[in-house]
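Mind having a look at this structure? Questions to follow.
Order as written gives the chain letters A, B, C and D; numbering starts at 1 within each chain.
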């Protein structure tokens, strides 16, 4: 059975609880074990540090989906000033799995877009677990074209299991809506920075990740399809998802090694949710410094660079 | 009670039937009334001709809605070569109340669009009586942008009671869809010729009538809203529709006098359906000659001319 | 959201100008809120920008009330105040209707346009007054929209139109329908300049106005509860003889269906508009 | 419509080239029509362009069958036939799968691209072969699409891609997903040149291919009955556990929902494509 939940922290907490009980008890009995406890504490911390520096791909998937993980709206509200959310695709609906609007980043007006997962069942029903319908992508399309009109950089935050696979989504043209956003992002004359803050799932994530700089939080993942789906399709065995997770090369480090991600933003010990403020500040810093670099370029240079960046992706043999 | 059906032809046919019976009878009884009959026949024709040259606005409305009146598809299939119909708005659906596609007019590739009414109940249910939903206007939007990409002139044929007033139409943004088409037509860099072949009803008709040349068949009408609706709203009495029809100035001649229509194409005696081929050929000739004139202009001249044409519409007092 | 936005709210002083007094002549007495039935004193209403203190129902504002509410004090300069409708079609009763509308409202037409600053930012502002023949759009409204747009292009400043309309002015026949095309044509040129256009859809925005300039903005705001749509609900009920959804064609319905960027409570409207201007124009007064 | 179009139909001669023979090696025997269950002889099928004479079911064409069907005889010149996938991620079993697909199909990849004429008009033509690992898109398919697009830009001629795909090639991980962005990027440049791009969606066109280059054409044609969509029907059934509409994700369903310009019976396909080329390029061979 595949582990569905990242429970290392719970186990660690149990261990530490016991350790504290032991300390308490020894104090009461007036056993002076101060030095031993110090050594033990250090060792425990080392082991934990080591664990977090060596998470498996599957563990990172679980962390990236952790229910306490900050959502895109959390980051937006922390990082940006004057955030004004905009709604609707002007055509069919307002998709709450994708949020977008205008805001200011250190005084620079930007258009911000991102997948919105919820916390808890109610919120997740509201946001459809961050899985957009076509109207979500059409909202993105509308807002990025508007960003271009007003020469505003586009920042996207990615956190989705993927585009929603449902009858309504197919009826309203999920494929075409994603394709159109991909092409429009390629054409934009303004800087685009994307950051994978959680789960980067398939084409539904990619539709917000065509950019000039791709940042990834260190426990975030980006995958062609979910490890579960790949295991089920290729190996006809969803139970081998953990093994598949490693085979797919979907961790931030893997994606950077493949030349697709540009920068990894280190998460706090235990994951982004353990110290949201530090995490958000680091993300903000990276967005600001990357944006400043990109703003120094002429728009045609920028567009040409993005084109080259995309055009060269892929490995094959020729002869 | 307002007359709902143009029944002049039926009455005339009755009269002529009686006249023929009389002729037959007189022949059988060997009454030689040849000269008298000739005179009577000429008089009858004169009276009929006179009637058709003096139809009231309401009679023209009834003729423009006549169930035998040629539909837009009839004209398209007669006039154009290589007609290939295109479907869909790429977003929600394919509206059968608006048809569009590519065709050749005397060797010139053109994009053709029009409202499609049906003949009879089944066809009318299929085409929703020529009343488009937002997806119809979005199909138009898509096809005119494509026409511009390929530098193809746009020809539109107008025949609709208006945009459909329904829950789905409102949900999917009827107002915005029409507004967007209006603006896109204003922006196009290719020639646009519109012809009202039947009923030009309200904003739903106007959305296909922003053009460089507006042609109107002589019994067609173009109105801000249906005479029935106007009578009901302004006079709280739908029964006064006939009177309202005259007040609204909606006949081809009225529209030309107001400086909105450019050309009236005379219909055959009794209306376009009495001699479809002649009618279609006249429309074709007018389309061809107008198109040739417009193709002689540079695209910026063309666009500037269209802008001026629209900008000057309206009458007011200023001092 | 509303709560935190309330926190930032500043009180907007309402100057005692002649036009404003004219438009709120019933300053004594109480009005019954159509939503919660509470009887609100005129003074209370005025102080709360015509929002019911009980249920947040947004009463209609007249064109000048809206201007005094939106514009920085004493900055509004009206354009084309002398433009007047003529009865070009000799339409029975039109002259009388115009006259009575003018008398009732003190306006010459259903649309007032001009230049002002909002939060220090120079803008072109237009407001519509539904008391004037249901703010139907005829030649004058169309022409005033176009001139306002052209002024915004000239000055390279944002355009804000607060809409309310029952549709086209039937008494002007096709001339009124064509105003939809005419206003769309100038807005096409406006957008080509990369300038900002915002609309605020207020109750009701329907027909030819909703199907032209009201829908062609970069940012479409709406007041809570405003009726927004193309066809009027009465016409639709006649056509389909079905029961309409409870919130049908309300601003909230339109937001859900993707047609509106944001519903803004009037009590935070000026703040929101100022933020949007700042985000599009850079630092204050810049 | 079909009837009148049939009238114009010309027979398309199928040359006996080596590749073509290879791809139809089971020339003897009969195939059972999956739609009407009739057993159709291979010869009959071949003569009818693999359309069931009984019920018009469109059997899949291989990449080369499609090329021989679409291209004017002896005009097709293949591009980049030496491009081959590598197992960059060391993905377990990928090498073996590639090898067996190559053996089964005689192809090096699921996509064949090249230049030819159709009705005398020079075009770039690409066809996909679902026998090759479900025609999933990896680095090679993405690269071949890009080079084909670039060639069409160079030569300023139309591009026609006949798609069939199960989606992204998972064995290449993110490199395969990124091919969606890469092909979209070159197509953006293509469209900026004002050139004509048509796709023919054949059974099945799903996943990353449908959500990138397949949907980015000026004109989207589809074969009758072809499965077209983003998510596979199996995944959707799992997700929603509802009964799917009868024609769900079929070409006819997609047409009704506005995603496809036209469904074209294979027996009139070449005529239709020629008409479209003529309408975009002017007189024949012009």
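For this structure, a couple of remarks:
Throughout what follows, contacts are C-beta pairs under 8 Å (C-beta built on N, C-alpha and C of every residue); 3 or more make two chains touch, one makes a residue touch a chain.
Just so it is clear, the model here is predicted, and its values are computed rather than measured.
Contact with subunit A and subunit B alike is made by C, D.
For subunit D, the chain whose average C-alpha position is most distant is C.
Counted by C-beta pairs in contact, the busier of A-C and B-C is B-C.
Centre-to-centre separation between subunit B and subunit D, using Cα means, comes to 42 Å.
One inter-chain figure worth recording: subunit C and subunit D are separated by 52 Å, centre to centre, where each centre is the mean of the chain's CA atoms.
Between subunit B and subunit C, the centres computed from C-alpha atoms are 34 Å apart.
Counting only residues that touch two or more partner chains, subunit A has 90-92, 171-173, 176. Subunit D has residues 191, 257-259 in contact with two or more other chains. If you sketch which chains touch which, the pattern fits none of the simple shapes: not an open path, not a single ring, not a star, and not all-to-all.
In summary, the structure contains touching chain pairs A-B, A-C, A-D, B-C, B-D.
The residues of subunit B lying in touch with subunit A in their complex are 90-92, 134, 138, 172-173, 176.
By the touch rule above, subunit B contacts subunit D in their complex via residues 82, 84-94, 102-104, 107, 109, 135, 139, 146, 149-151. Contact residues of subunit C toward subunit A in the complex are 191, 194, 196, 218-219, 255-262, 272, 275-276, 278-280, 282-283.
Of all the residues in subunit A, the ones that touch subunit D in their complex are 163-167, 169-176, 178-180, 182-187, 202-203, 206, 209-210, 222-225, 229-230, 233-234, 247-250, 254-255, 258, 260, 306-307, 310-311, 313-319.
By the touch rule above, subunit C contacts subunit B in their complex via residues 80, 82-86, 88-89, 91-93, 138-140, 142-143, 146, 167-168, 170-182, 184-189, 191-192, 206-208, 210-216, 228-232, 235-236, 239-240, 242, 244-245, 248-249, 253, 257-259.
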